[in-house]
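Here the chain labels run A, B, C and D in written order, and each chain numbers its own residues starting at 1.
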Amino acid sequence: MTPGAANIATLLVSCPDRKGIVAALAQVLYGHGANILDADQHTDSQSGQFFQRIRFDLSELLTDRVAVERAIAEVAVRLAMTYRLEYAQRLKSVAIFVSRHGHCLHDLLWRHRLGELPCAIRAVISNHPDLEDVVRQFAIPFHWIPVPPEAKERAEEEQQAIVDAQPVDLIVFARYMQIVSAEFTRRYAGKIINIHHSFLPAFIGQRPYHQAHERGVKLIGATAHYATVDLDEGPIIEQDLARISHRDTVDDLIRKGRDLEKMVLARAVRLHLEDRVLVYGNKTVVFD
Amino acid sequence: MTPGAANIATLLVSCPDRKGIVAALAQVLYGHGANILDADQHTDSQSGQFFQRIRFDLSELLTDRVAVERAIAEVAVRLAMTYRLEYAQRLKSVAIFVSRHGHCLHDLLWRHRLGELPCAIRAVISNHPDLEDVVRQFAIPFHWIPVPPEAKERAEEEQQAIVDAQPVDLIVFARYMQIVSAEFTRRYAGKIINIHHSFLPAFIGQRPYHQAHERGVKLIGATAHYATVDLDEGPIIEQDLARISHRDTVDDLIRKGRDLEKMVLARAVRLHLEDRVLVYGNKTVVFD
Amino acid sequence: MTPGAANIATLLVSCPDRKGIVAALAQVLYGHGANILDADQHTDSQSGQFFQRIRFDLSELLTDRVAVERAIAEVAVRLAMTYRLEYAQRLKSVAIFVSRHGHCLHDLLWRHRLGELPCAIRAVISNHPDLEDVVRQFAIPFHWIPVPPEAKERAEEEQQAIVDAQPVDLIVFARYMQIVSAEFTRRYAGKIINIHHSFLPAFIGQRPYHQAHERGVKLIGATAHYATVDLDEGPIIEQDLARISHRDTVDDLIRKGRDLEKMVLARAVRLHLEDRVLVYGNKTVVFD
Amino acid sequence: MTPGAANIATLLVSCPDRKGIVAALAQVLYGHGANILDADQHTDSQSGQFFQRIRFDLSELLTDRVAVERAIAEVAVRLAMTYRLEYAQRLKSVAIFVSRHGHCLHDLLWRHRLGELPCAIRAVISNHPDLEDVVRQFAIPFHWIPVPPEAKERAEEEQQAIVDAQPVDLIVFARYMQIVSAEFTRRYAGKIINIHHSFLPAFIGQRPYHQAHERGVKLIGATAHYATVDLDEGPIIEQDLARISHRDTVDDLIRKGRDLEKMVLARAVRLHLEDRVLVYGNKTVVFD
């Protein structure tokens, strides 16, 4: 029997590596009657940093959630841990930003409907009105916020107002073709996933399919990464590639690329929603 | 610093799932001063079986190896565990069986020379003399044991004598084109890795590339699996595929298949040598 | 400049191989002022059969289409050719059959809207009413035709009435979970593309993901093929695979499989619509 | 029956696109009694350049090779064609440059022995003596030419002397870690294939695996390209990628990368030897 989401929690920890971390956490959970379902760990040998993801079942707790939380907090202090404790019960809240290309947006909405993405999609925000109909079919609020060059700041304020109306766990840039401010990026640090339509760090910047065609590569790629102040330089979550040939025009690359973008973005979003991604420096640990 | 092989041990356990297993093992290791480097686990929800692989560093033990071994044995009894404890220091001993196709054999020998396969290759056994020169270049004993249809049993006895002269941890059938007896398979149960040149369970049996060509598939595959009494039915360790088209003749499939066979077999052998594979029923858990 | 669809024709020929075929066809087209844009050919060495696909531009014809058609017909008689001449201008007509799983259907509709599938989707026919809303959003007629076990024949008559109301070039079984009659298959021979959710010929028949999970394979697949009387035995157009592990439950396979099914079916449909597939015996030549 | 290599020729042409090219060439070949086995073509719509590869059988020529050659030359003048006519009978001559990493070299030698690479390997040239034994086992001359920083020019002269002793069709840089002069590159323009151990244009230059590890990418690649004056900027022939994770150290990337490098280089060399690659500008047309 797979335990229901109602009783599942996920603990993500990161701390300087030392002996006894695994034992300490396992002992605490066992002591309170929690049952470890999955555990994965990683030590980065360069930085000496330890990372762990533990998924556990709370349905036969000997104590209660408050006691478990307190016990974890105590271990965290002792071992200088940074950690996050997430209950599967609480659906994460998501806002999607999009411009005119609807394929990634639509793919996410469809997967959400099929139950592939455990979250609540609170809002879709776009600088164009084009995709309103698509979004409405899924009964999700659509906000058209134009972003004219001369009033970018004000547009961002409007976006933030919507995003912050309810605390948001994740913002997805599903082919959102605007550059946001450094403030925006910092405000939602580690909470914005962007899809770039190339295999980063190749073809950074504008029109990567045109660049790829120009260079004559034999594979095109897509990259999902956390957005940071430096464009296209953030921690990479997921990448994939597709084979092309001299026969493929730029339009063919764009068409084949759409499939890559959809798949890569959806995988990254799912990994984030399942608390499988830990960021350190400019990299990610992905416990998949 | 990565700890040297001299002080690394790997523990592979399997037992009925219950609370506290992870804590019990982690506690024992911590108590003796061992440092967990990697840990991966899996619970098969159908059978309720728990599997874990723990790799740990012994260089700062508070006690000694005997004490650690005794402590693990005690936990194992308590939790009804089957387990295996392997020291990286002790190189695994390997025998390779081959017929006339040398590509897999040669690939393994070359990888071994480059340090990719942590083992000692004790012997190469073949029913043909063709590959003797290749093997000798790597300073590995080559045994030509013909397997005439009328004297298969005797040939197998000779093979066993060589294999058993020193306890062997792994037998690799690197395109060994003979069917071995059920006794042989049972004797080395879980210790024979075979490479089948198709994506099993498609194209079981003889001449899979011819079968694939006949059927008109668009991909060909290779499968590395533990040999069992039922031919090509054993637990699968690794598989991979390559794209083909109507242009490919059977000879092209054979050529492209060679690359698949080499890669898939080498990966499976490496996984086995690193104690990353656990068999349950007719399946494997591969901690990679 | 890419010539517009209005003036593009595609010629697909098949005949016993002999010298001069390429010259004869190229000469005829040149003589009438057609410009060859693409040409691809294949000779099956086993059967001695020659296949060619020629895509050409008619915009600077010295004669007219009727003259070109007559000239091709004459060559065809002379060289014992079977051939098909298709004008890009005439959109192919498509009917989609579906049951309850909407992911393939929806993917096709969305790609159609984006211009990836050059065809007119005339009808969606389902044995369940569930997907009516989805189809209506795309302004495509939806026909709910229940298929009760006791009245399969009558249901098929109704389906045929709809399909034949306008001559249909392609029927897509987009996860249509009913077995159609041999008569139906023969009536639309070479015009039905089915998606099977396994890497055929592995896991033929019902519940392939369950079979795959049971067998413990490390990759799952999907296969798009022309439907023939023998279930899952028809000529394969396209296949693809995705990596899985012991962690994946049957539900995970189903989820990962959905992406495979969508991609593989969409690619096969596009290949068919672009006149890139020739069937011979139980195989296909795919000029991609 | 597949015609033997003795009677096979391959014609590679490139010219401004216009009507009648395919007909003209097909007509000439048919007129002389040649039988077209394969033909593939491509028109680059940006530059309006036409490319074609025709493989044909000469065994039933009505005239002779001289007559065929003259006829092709005449067509070439008429249509402003650049062309190359290659007889399969004449084995191409190859020199391999290598430094200390032997995996690509060894892979090429082994494939050559298995008949995968239709060529004569005339010489292996290295700036280190390490791989002499390996090369000698394949009965191929090994030349140790040290390349001290202060005498690079003289070393290059020695290399050229060996390469030019017999006209060479292809120089393979099989992980040759020296930068050659612009003169050298120009002298053998279109005849040097280099393997770069990254997915170009990502990670140009030194130590790409370290760069990839630093950036935290989820895939690593390898690129085979023609060497040009600008390092790593030449026309790309073939690329491939492998999935990595946060668990992979730089050493793991190097190990996994070796397999990529071998495969990608071998495929590129084979494509070149089979006259399947045409260069235009900084790109390739690969007729595979």
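In this section, a residue touches a chain if its C-beta (ideal position, glycine included) is under 8 Å from a C-beta of that chain, and two chains touch if they have at least 3 such contacts.
Quantities reported herein were computed from a predicted structural model and do not represent experimental measurements.
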Contact distance in steps, from subunit B to subunit D: 1
Chain pair with more C-beta contacts, B-C versus A-C: B-C
From subunit C, the most remote chain by mean C-alpha position: B
Interface composition of copies subunit A and subunit D: same or different, split at half: same
Distance from subunit C to subunit A - Cα centre to Cα centre, in angstrom: 37
Intercentroid distance (Cα basis), subunit C paired with subunit B, Å: 42
Residues of subunit D whose C-beta touches two or more other chains: 2, 42, 45, 249
Residues of subunit B defined as touching subunit A within the complex: 1-2, 19-24, 26-27, 29-30, 33-43, 45, 60
Complex contact set, residues of subunit C against subunit A: 2, 103, 106, 110, 114, 116, 137, 249, 255, 258-259, 263
For the subunit A and subunit D complex, residues of the former touching the latter: 42, 44-45, 199-203, 215-219, 221, 235-241, 245-247, 249, 282-286
